[in-house]
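The structure follows.
By letter and in written order, the chains are A, B and C; residue numbering begins at 1 in each of them.
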Amino acid sequence: MKRILIQLDTDPLASVFDRVVAVDAGVDELFSYGSVSPEAAVGLTHGAIFTRKVADLKSTAIFVGGSDVQAGEAVYAKVLHSFFGPMRVSVMLDSNGSNTTAAAAVASAGKHLALKETQAVILGGTGPVGFRAAQLLASQGARVKLVSRHAAKASEACVQLKLLELPGTVSPHVSTSFEETIALCAGADLLIAAGAAGIEVAALEDLKATGIRVVVDVNAVPPLGVRGVESTDKAKEREGMICYGALGVGNLKIKVHRAAIEKLFTSNDLKLDTQAMLEIARELTALA
Amino acid sequence: MKRILIQLDTDPLASVFDRVVAVDAGVDELFSYGSVSPEAAVGLTHGAIFTRKVADLKSTAIFVGGSDVQAGEAVYAKVLHSFFGPMRVSVMLDSNGSNTTAAAAVASAGKHLALKETQAVILGGTGPVGFRAAQLLASQGARVKLVSRHAAKASEACVQLKLLELPGTVSPHVSTSFEETIALCAGADLLIAAGAAGIEVAALEDLKATGIRVVVDVNAVPPLGVRGVESTDKAKEREGMICYGALGVGNLKIKVHRAAIEKLFTSNDLKLDTQAMLEIARELTALA
Amino acid sequence: MKRILIQLDTDPLASVFDRVVAVDAGVDELFSYGSVSPEAAVGLTHGAIFTRKVADLKSTAIFVGGSDVQAGEAVYAKVLHSFFGPMRVSVMLDSNGSNTTAAAAVASAGKHLALKETQAVILGGTGPVGFRAAQLLASQGARVKLVSRHAAKASEACVQLKLLELPGTVSPHVSTSFEETIALCAGADLLIAAGAAGIEVAALEDLKATGIRVVVDVNAVPPLGVRGVESTDKAKEREGMICYGALGVGNLKIKVHRAAIEKLFTSNDLKLDTQAMLEIARELTALA
């Protein structure tokens, strides 16, 4: 029976990136939809669950994507709500690549640090990748400083994360300058830069004195967030710190993405969102 | 040569249901279009007929679907009108699943009744499935009471059906209550409930005394049209009557749908609409 | 690794014609997009180049099409501009089929004429096919009279072509009647009629005296541009001239189109536009 993946994208044109990865993950037929609203997701989901026998439903799955994370979450929730008992299919959420990227960033850091004893600083902690990275680190027991340029946003993000009752801790912080960022990094082990594109927020040479051991910058287009890191860095030692750039993390991100797609077709009741991606990423890094 | 099915859907997002069935029917490449207007259908049809040799055109076919039956019929007519002599492909019309569902409902009843001697009552006879079921029953020689809540609509539907000069008869009737429905069923053999979702129009216990022997309710979501029938009923005896629910009919509906898709690729000049679906459904039930 | 073709179409519904040809050219997965703007092309192109290793990028390619040639050129330019060094894929431009049709028309003429010594007259020389045919003929050293009903348009088209510094010559001409057209053909060898659909611009019987030896009419729907030619003509001798109609050229056009698609997957850095199509067409006619 052919493996069908139904791509529900909230952008007008469904992501080519997600389509190529799906094809390379062995999907036989890819049904791609753009401009998908939660309302439209109901009928599309019914088409997925009412066309094959329950025993065959593991060969059909749904992927929710698009650049808008909130819109994707609304579609994802509606998909899950449209199932009837055993008539359901596995679903993956990865709007803006945020779950797979955050998982790859955290798993990369986990190769060098014991995450449950890690003090982490996340710049751009209210953005799609930063927020998910904070969640994943806290899920591993880390103490996380979630940093934003806006105090209210940082606080709100931490409130949301605390609702998840994770073993680690998250605290909101504000930084609008290199100096404030350096001060926040004092005594920390890990810095993840996940802020807006094209804005430098720190420099490697200033971080040397803080105790930071691992730097991950997920920004692909120069200038990167941390001056001195290059996008191709992959466990590259610079100024005594281990550095990862966007492409260095991207390779693992794509592997996680593919593995998650493959996993969708092992059962008809999986929900692959943030936490599941980290498990996949850690398995992949353990194997490597 | 790969079998290409071109799905022209009048809804903004092409039906997942129709896509899964097409894949499971062995289509190699599915070109899915949403928001298809009759005007747009011309160019799309020309693309279908001008790209392969006439001898190879049986490997290309067109499926017209979407929730709006009238819109689908307009597209279907335009497709047929866009052919040039031998440069044509086979076409199937199944907007809202109405043709395949009506065929499955009538063929299911035909397992228990001699249709040409049957007196049938169709509730929701002006809707997509009810109207097609009335047509199919009359095509087999049955006497059909086509019931609606609106007298004018019922009359108009019967006028349209009479233009087809079918061997059976159709007559318009109005019912707005359980009592009126029961009265219409007196002396009839078959009741098909195809009305609007979520509205009860009769109860099995009241039908016992009417002489009805087979009840088919094509409504999938509770409450069904006939109280006492369950959506999974498939030739289930209840109160002395043989009952079919939407899922009980749905299995045959999907088989008809798949078989029709397969048939499209046996020739380049087939027009598979209402009547053709019944022939397929009767073949399938005869084999079963 | 599966061969993925990304079809960027500037029309709302991506061309069925281009999709069928792509499938028949052996593409494994076709990602079809409608209503593609230059802005949207950036993200779609990034999805193409950031998902596979550079060594594998020859298995991904982009096709730009749609009825509006200018819109297609804008998307094509944006695609080429979105590559980063070795992270690029091969791209083909064939809006309105203009490049493949022009190449097939010119290559057909080239079977009977030495193009570098040919004097050609192109009616509808400012339209999508006529303009490209003029370019291709001039690229082979021919002297081309580019004819339009509007002097300013003809002049502008010639200015554009002269910027390409081709070995042949192009000169602008106006014709609004059979008589003017016949006068322009005096002493010429080749007439290509590529004007608007449904408008007769000349008659074979009047062309006899001009010296024209080959007539190509790319209009498919009667009345054709040159009275006396039939759309199925393929090197058909009429009134002492060798005639080609749209379907006679169309067979070669589709072969060129398919061969170009196949060629896209031989490397990750090809740009297949007007000139490349002629090379393919001439190879195919040399082999035939």
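Details
Criterion: a contact is a pair of C-beta atoms (placed from the backbone, for glycine too) under 8 Å apart; a residue touches a chain by one contact, two chains touch by 3 or more.
Chain by chain, the UniProt names read as follows: A, B, C = Methylenetetrahydrofolate dehydrogenase (NADP(+)).
Computed from a predicted structure; not experimentally measured.
Interface residue usage between chain A and chain B, two copies of one sequence, is largely distinct: under half of the residue numbers at the contact are used by both copies. Rounded to a multiple of 5, the C-alpha superposition of chain B onto chain C involves a rotation of 120 degrees. The distance from the centre of chain A to the centre of chain B, each centre being the mean of the chain's C-alpha atoms, comes to 45 Å. Multi-chain contact residues of chain C (touching two or more other chains) are absent.
The residues of chain C lying in touch with chain A in their complex are 1-2, 4, 6, 28-29, 31, 33, 35-36, 40, 43-48, 50-52, 60. Per the touch definition, chain A reaches chain C in the complex via residues 12-13, 15-21, 23-24, 30, 32, 250, 254.
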